[in-house]
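After the structure tokens below, expect a handful of questions from me.
By letter and in written order, the chains are A, B, C, D, E and F; residue numbering begins at 1 in each of them.
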Amino acid sequence: MKKGIGYTSIGETFDDFILIKDATKGTASNGKAFLTLILRDATGEIEAKLWDVSKEDEELFVPEQIIKVTGDVNQFRGRAQLKIVSIRPVQVTDGVQISDFIEKAPVEKEILTEKLTEAIFEMENPTIQRIVRAFIKKYQEKLLVYPAASRNHHAYASGLAHHIVSMLQIARELHKLYPQINKDLLYAGIILHDIGKIKELSGIISTSYTLEGKLLGHIPIMVEEIGLMARDLKIEGEEVLILQHLVLSHHGKAEWGSPTPPLVREAELLHFIDLIDAKMNMLNSALNKVKPGEFTERLFAMDNRAFYKPTFEEN
Amino acid sequence: MKKGIGYTSIGETFDDFILIKDATKGTASNGKAFLTLILRDATGEIEAKLWDVSKEDEELFVPEQIIKVTGDVNQFRGRAQLKIVSIRPVQVTDGVQISDFIEKAPVEKEILTEKLTEAIFEMENPTIQRIVRAFIKKYQEKLLVYPAASRNHHAYASGLAHHIVSMLQIARELHKLYPQINKDLLYAGIILHDIGKIKELSGIISTSYTLEGKLLGHIPIMVEEIGLMARDLKIEGEEVLILQHLVLSHHGKAEWGSPTPPLVREAELLHFIDLIDAKMNMLNSALNKVKPGEFTERLFAMDNRAFYKPTFEEN
Amino acid sequence: MKKGIGYTSIGETFDDFILIKDATKGTASNGKAFLTLILRDATGEIEAKLWDVSKEDEELFVPEQIIKVTGDVNQFRGRAQLKIVSIRPVQVTDGVQISDFIEKAPVEKEILTEKLTEAIFEMENPTIQRIVRAFIKKYQEKLLVYPAASRNHHAYASGLAHHIVSMLQIARELHKLYPQINKDLLYAGIILHDIGKIKELSGIISTSYTLEGKLLGHIPIMVEEIGLMARDLKIEGEEVLILQHLVLSHHGKAEWGSPTPPLVREAELLHFIDLIDAKMNMLNSALNKVKPGEFTERLFAMDNRAFYKPTFEEN
Amino acid sequence: MKKGIGYTSIGETFDDFILIKDATKGTASNGKAFLTLILRDATGEIEAKLWDVSKEDEELFVPEQIIKVTGDVNQFRGRAQLKIVSIRPVQVTDGVQISDFIEKAPVEKEILTEKLTEAIFEMENPTIQRIVRAFIKKYQEKLLVYPAASRNHHAYASGLAHHIVSMLQIARELHKLYPQINKDLLYAGIILHDIGKIKELSGIISTSYTLEGKLLGHIPIMVEEIGLMARDLKIEGEEVLILQHLVLSHHGKAEWGSPTPPLVREAELLHFIDLIDAKMNMLNSALNKVKPGEFTERLFAMDNRAFYKPTFEEN
Amino acid sequence: MKKGIGYTSIGETFDDFILIKDATKGTASNGKAFLTLILRDATGEIEAKLWDVSKEDEELFVPEQIIKVTGDVNQFRGRAQLKIVSIRPVQVTDGVQISDFIEKAPVEKEILTEKLTEAIFEMENPTIQRIVRAFIKKYQEKLLVYPAASRNHHAYASGLAHHIVSMLQIARELHKLYPQINKDLLYAGIILHDIGKIKELSGIISTSYTLEGKLLGHIPIMVEEIGLMARDLKIEGEEVLILQHLVLSHHGKAEWGSPTPPLVREAELLHFIDLIDAKMNMLNSALNKVKPGEFTERLFAMDNRAFYKPTFEEN
Amino acid sequence: MKKGIGYTSIGETFDDFILIKDATKGTASNGKAFLTLILRDATGEIEAKLWDVSKEDEELFVPEQIIKVTGDVNQFRGRAQLKIVSIRPVQVTDGVQISDFIEKAPVEKEILTEKLTEAIFEMENPTIQRIVRAFIKKYQEKLLVYPAASRNHHAYASGLAHHIVSMLQIARELHKLYPQINKDLLYAGIILHDIGKIKELSGIISTSYTLEGKLLGHIPIMVEEIGLMARDLKIEGEEVLILQHLVLSHHGKAEWGSPTPPLVREAELLHFIDLIDAKMNMLNSALNKVKPGEFTERLFAMDNRAFYKPTFEEN
């Protein structure tokens, strides 16, 4: 039974279709060329070596090419590596397509759209509502397919919208517990806080940083976008400034990319809701791959900690 | 109408009963003795100077004495100070008592007890349930009246139980959103995490640190308590270790008092739920005292930030 | 001979017109009201106490009122304090005005304007030139009178323009030494980098932070302004992005307020030219007030260092 | 003449019995399996590669197997590596045993026992003496064979007891110089401070961290143990609290694992005696391996410094 | 009975000779001049206020003047303050002298000299011995009377020599325990490490920093001195370099003033011996002033910690 | 056409003379010896592997040997590596010499000498002038050929003098802008600040740290040298102390190697001029190697940043 590369253990054989994410040519000590391939499907990725490659191989096995591969998963320098036994490019008759190999959010786009609409509908402050609605409209298409990051948390198709919708759910409950919270502000902050990533990141496959992403970053990009949108909508007033502040401060500290720390209640809360959802996403994903009584691999974005799954947990 | 010292502004007159929290004798430049009094009621506290005091005054105006005082609130070195016009000790006929002057949690003890019982009732793992139940029983009385801190967040009577019950509510909702969470562990961690404060802090009025609190701190105290309790209950197994880990790691980082960082999913979550409830408690309390368009005073425990209340907030 | 409060030493008598910058009422230990005044002229400021004040005094001696005062400069808790002997409000016949008491840049506005124009004239890239010219025009008036900070460096009228013009001069020479520098970019970065302060700071007298200044800060404000200006001018292209990057990164590090560090040669240089001119301004101002063989007072913005003036320096 | 792997230089041949500490299988670029072996004897350890291994080889050459090996010590990526020429498993007739290959403290167990007994005998406070005596008895066996760490200082059999006994000797002399020191407390702190490592570490060979070690760490483990022991012995009083504080604070700072810093004189001293003995142990061991005029390898646990042995030192 | 100002508690009366360490003139709210005096004897120091002073008083009561004073010790802003009842300058017939009021090392100069001589006598390396002997000779006089610091540890007459001699005693014992230590180097490092303080500090009374002390500091001063001395003695060889390194690195880290960290075994040890003796000196001095069951005042140079004296300590 | 190894891209062939900087022997997985060579010419360096080497090869291909080599530049683990096709040692008839392969400052020695002389000539303070002149004379030869560092900035022949001369030019212009600067001091500080590198570094080829460099560092070495020089010249006075301070403080902060921070105006400026020239040197060198629209490699000494060359730059 096929279970995906992310769930194939060392010592097992892998025999399935998979996507080439990256391919680099090298020269072996015997003088022959070889390819280092990064292969990925919706469950994870692995490095593979293809030895003694010909010019034709180099042209066939390139990024974004789907292949059919058979091989054994070995350990190399402490990491899994696929030893390729046979390899061929996909054929039309195989009936597979790139989208099959991209990890996707566990929630459908329709549900995500519905949840976003619901949140906007709940808002009472017309100014805040208009701005948020305008952004949803402007980025409608990309907002529903973009990942929330190039790696780490929600780094999959529709990850950005999935992240927003989870955060909205937390916000709804916290508002019940602490009724002083301005729900409109908090909802708006959640929806807008990472939209700058649509300009910061290159897309869904092989996600990298754009020039604008590298030189400005998604936070200043979005502060500016809110300013431009307000002018287009002819909106003035403190709401615009506060929304910009929410976006600007949502990383919590200057060292973490927010030149101004949260100075409004909802900004402080936005920062923590963002942290919780990002961390739970990374943790659940890593713990899913281990059995009770085991530790996960070290999680770089969680201070390099390895987490333990107690033996009394259900697998 | 009486509104409490916490809501009396500079320039106003205060005329009411109030509790002496602290009294220190000094000598003025004219050679005469004076008393520096810290006065508090359920809404806040203020410094006051009583000039030219006699020996009798010194004996009358001591900590935990209730007084009737009239005076003007002035500004001195940037802080409010009460200029006393008249002062007298309380009389039996005044019909006031110490508990009137102590800030209390905004939720009744009965509700708090009920919420705690409900959480324990929901637990499915019998080992975890037994340990938690035993602690609730052991500290039943103090758990319902202790503050959660000597100052900063939930620093009022029943603050500890109020903090626990708020956190349980957040946990319940997060469990719905992230069903992978082990609810038993998370509830147990929340209920136990700060119980060590009952040994760390001296009590409800003029709360200070005990010797044990200073030399060990509530975290190591509670790790030990869980070990002792497990032995008393003849419980063995990984649950005990994991509960100790949850308590030990709940400050998140070595620099913040947790020699081991969270290495279990529920430990990570416990840390963030604790942070959110503490911060919301401090923020709401500070924002309650200012009007829309104003900044709060600087909040020491929130990195010394002053928070802004937008003008479009309801007062 | 009159020499200004900044040059009046402890033990000397001051007898001149001066501006009240701040006035706070207090109550002395004898129960009488007094005023703590902060007085300033173009050379510096001093604290003064006015004892036993009447209601009329309170109404007369308020911020932005010019007074004629006589008094002795004493030392109080290690700082200079003016002991007031006589005081009266200014009269029309005295012939003094507020602008006499405000410290001003040592260079005339006409010269500053000329230098700015000259720099823009030298630019070769039309896109960069258009953007810079548009900003100079937009903020023409304020740019020439605003200080560069509320305290620390160039905290005087026209300080912002003075700072820019000094930096341009350094840039011109560095360009000769390192001809690889893109002069247009560097000049533009220098002119634009602090213009956001016009929105961040309240004005020239009793300069404080605006709400926008507190919640966003001059750097994100200016990044947004460049985006808006480019759209107004219908300018597209990498120049806009690079100019935004120069402004965004000019504090050098996230901890110092630049969420993105300099990643373009001219951005790195801009950061250092800014530092040098700010530091020389503070140092020269402090060293001017001491004699050879003495240390300056501790300079907060220079890591609290006290600087030494060698004995072999001319006074 | 046999001199042990720790003293075999690059370019020399090694021909002796040695213990396999770790064995990992890999696949070479020619597709054949190979083993990466970590070999160790009492003087040090080295990596070795065994190429073209058969299934039988994989089963023969496993951790804790002693082998007879011949090979050359080469340099690979800046580190020594053994190129295996011949290899065979040990035979009964070879007359070697695992304990021959484990590094041991340079002091005999009998001496260590004697020194511990002597220190306890010197104590005058009966409470402290009883607690310490009870721990010595409880952990008698393991205390004399455990290492003090999995690597770094005293990472050899009986390392824990050796560390304790060296520290006691320093303490004895410091007490002569500073007679204000409470010798009982300091001795007790030294004996108890690291006993938690018996639960934190897995044992003597291939020492790793236990689950308890990872989730709690030796410091909280031992604070709890003292609490349990005091209850078993029906001891109450400040001595128990102070001993717990000594253990809790002996890493000196929160960042280093002590949530409470030393707040008792003997706690402060314990921290420094611990540091000195650990550092001298690492330094002497590293300097023993180099000649005068050379630097040691970089010592990770000493801030990655390489230490110099002056030319005027005797070799 | 006279017990010294350091042992006079709040509420007690002080009536004895004492030295004026510092005198500053101020102006009271009634317009009259007053003096803030810092008074000290061999046991400690206290602030005092002398109200309504005349011109004559100002001339009489100046630094380094001994006075006879009677007054009550009150508390002012949390610190002790002497309220002067009567005051007069010392008279010849009083038979007191400045040296009576200066705190001195608890060991006689003769003993200190003897111990230093003994250490040099033990040295075997003639080069090291010659350099050390030359420094002892060069600074013979000052070395025996200088303090080791202007405040904090060993801040008393002969403190520098006392510090050195205590450190030598620790070194002697550590050498017995770790015979690999080069005793000559360690002794030499101890004797030389702080001699630069003789140029860094102004002297014994009212110790302050010299210009050379402020601009260079005792470490670079002494590195240079060793270079000059070696040239004068026509000594070349690695010993000179190593001795300079020991002095240069003895603060342990760049942040603490050693641009190069210890890279020689004896340098590492010197750093720790220095720390231990400095800390024990401060701790013992602070603990001497409190009773069992009390905490000391906060010790600034010990990370602002207050230390606890257990109740089971002898007073 | 020959363009040097620094400008040969991956995929290109290199065929030219080049210098062996370093050669290390290894053993391949087939058991045969190979050499890892570091090759360099005036434009850069590259790693190369020479497989299956004989004893003769090992003797021929050693550091500082010039070779004629042909090979292809491949990518290996993300870095360029030369795959050697043919190799032979240089012959006399080839007419090349070591100096051809060493990177040199872009300014001739004669110009550098002239600029140094000019700066000294401008000095007005005879004491400062004499000291500087004496150092120029003492180190005349090495000063003109030494690099300013073993890697990072100005790491080429005559780099030290080139760095000094560039800094002098910046100083001259800053003096015009800020006439309060003491030009003599600043010039002297610039010329002397890094002369200690002549003792800290081993030379021009394969530059490494000397023992003195490792144990003291160029800053303390130069502070001592100034002291010795002043004594030789029989110069006393504050100038010597201030020059030592300038050298001592020029790294700006204790963490960066200056135990005393700048406390004199010219010391502060020296630190910044040093930084600017070092950074511009590294930046220009890295940007020269990339095309508009590209990022440089990561620059370790610039906080590991990769810098962008805008598309509107000329190549």
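The rule is short, and it goes like this: a contact is a pair of C-beta atoms (placed from the backbone, for glycine too) under 8 Å apart; a residue touches a chain by one contact, two chains touch by 3 or more.
To keep track of the chains, here are their UniProt names: A, B, C, D, E, F = 3'-5' exoribonuclease YhaM.
This one's a predicted model, so the numbers in the text were calculated from it and none came from an experiment.
Asks: Strictly by the touch rule at the top, which chains does chain D share as contacts with chain E?
Replies: Chains in contact with chain D as well as chain E: B, F.
Asks: So using the touch definition from the top, which pair is joined by more C-beta contacts, C-E or B-D?
Replies: B-D
Asks: If more than half of the interface residue numbers appear on both sides, call it same; otherwise different. Which is it for chain A and chain F?
Replies: different
Asks: Farthest chain from chain A, going by the mean of C-alpha atoms per chain?
Replies: Between chain A and every other chain, the largest centroid distance is to E.
Asks: I'd like the Å distance between the centres of chain B and chain C, where a centre is the mean of that chain's Cα atoms.
Replies: Chain centres of chain B and chain C, defined by C-alpha means, are spaced 43 Å apart.
Asks: So the centre of each chain is just the mean of its C-alpha atoms; given that, what is the distance between chain C and chain F in Å?
Replies: About 40 Å, centre to centre.
Asks: I'd like the Å distance between the centres of chain A and chain E, where a centre is the mean of that chain's Cα atoms.
Replies: Distance between chain centres: 60 Å.
Asks: Please list all residues of chain E that touch 2 or more other chains.
Replies: 29, 211, 214-215, 238, 242, 263-264, 308, in rising order.
Asks: Using the touch rule from the top of the page, what pairs of chains touch, sorted by label?
Replies: A-B, A-C, A-D, A-F, B-C, B-D, B-E, C-E, C-F, D-E, D-F, E-F
Asks: Give the list of chain D residues in touch with chain F in this complex.
Replies: Residues 28-30, 34, 49, 51, 74-76, 83, 308 of chain D touch chain F in their complex.
Asks: Could you please specify the touching residues of chain D with respect to chain E in the complex?
Replies: Residues 125, 166, 169-170, 173-174, 177-178, 180, 182, 185, 237-239, 242, 261-265, 268-269, 272, 275-276, 279-280, 283-284, 287-288, 295, 302-303, 305-313 of chain D touch chain E in their complex.
Asks: Along chain A, where are the residues that touch chain F in the complex?
Replies: Per the stated touch rule, the residues are 24-27, 29, 31, 211, 214-215.
Asks: Could you pull out which chain A residues touch chain C in their complex?
Replies: It is residues 211-212, 214-217, 219-220, 223-224, 227-228, 231, 238, 241-242, 244-245, 248, 254-260, 263-264 of chain A that touch chain C.
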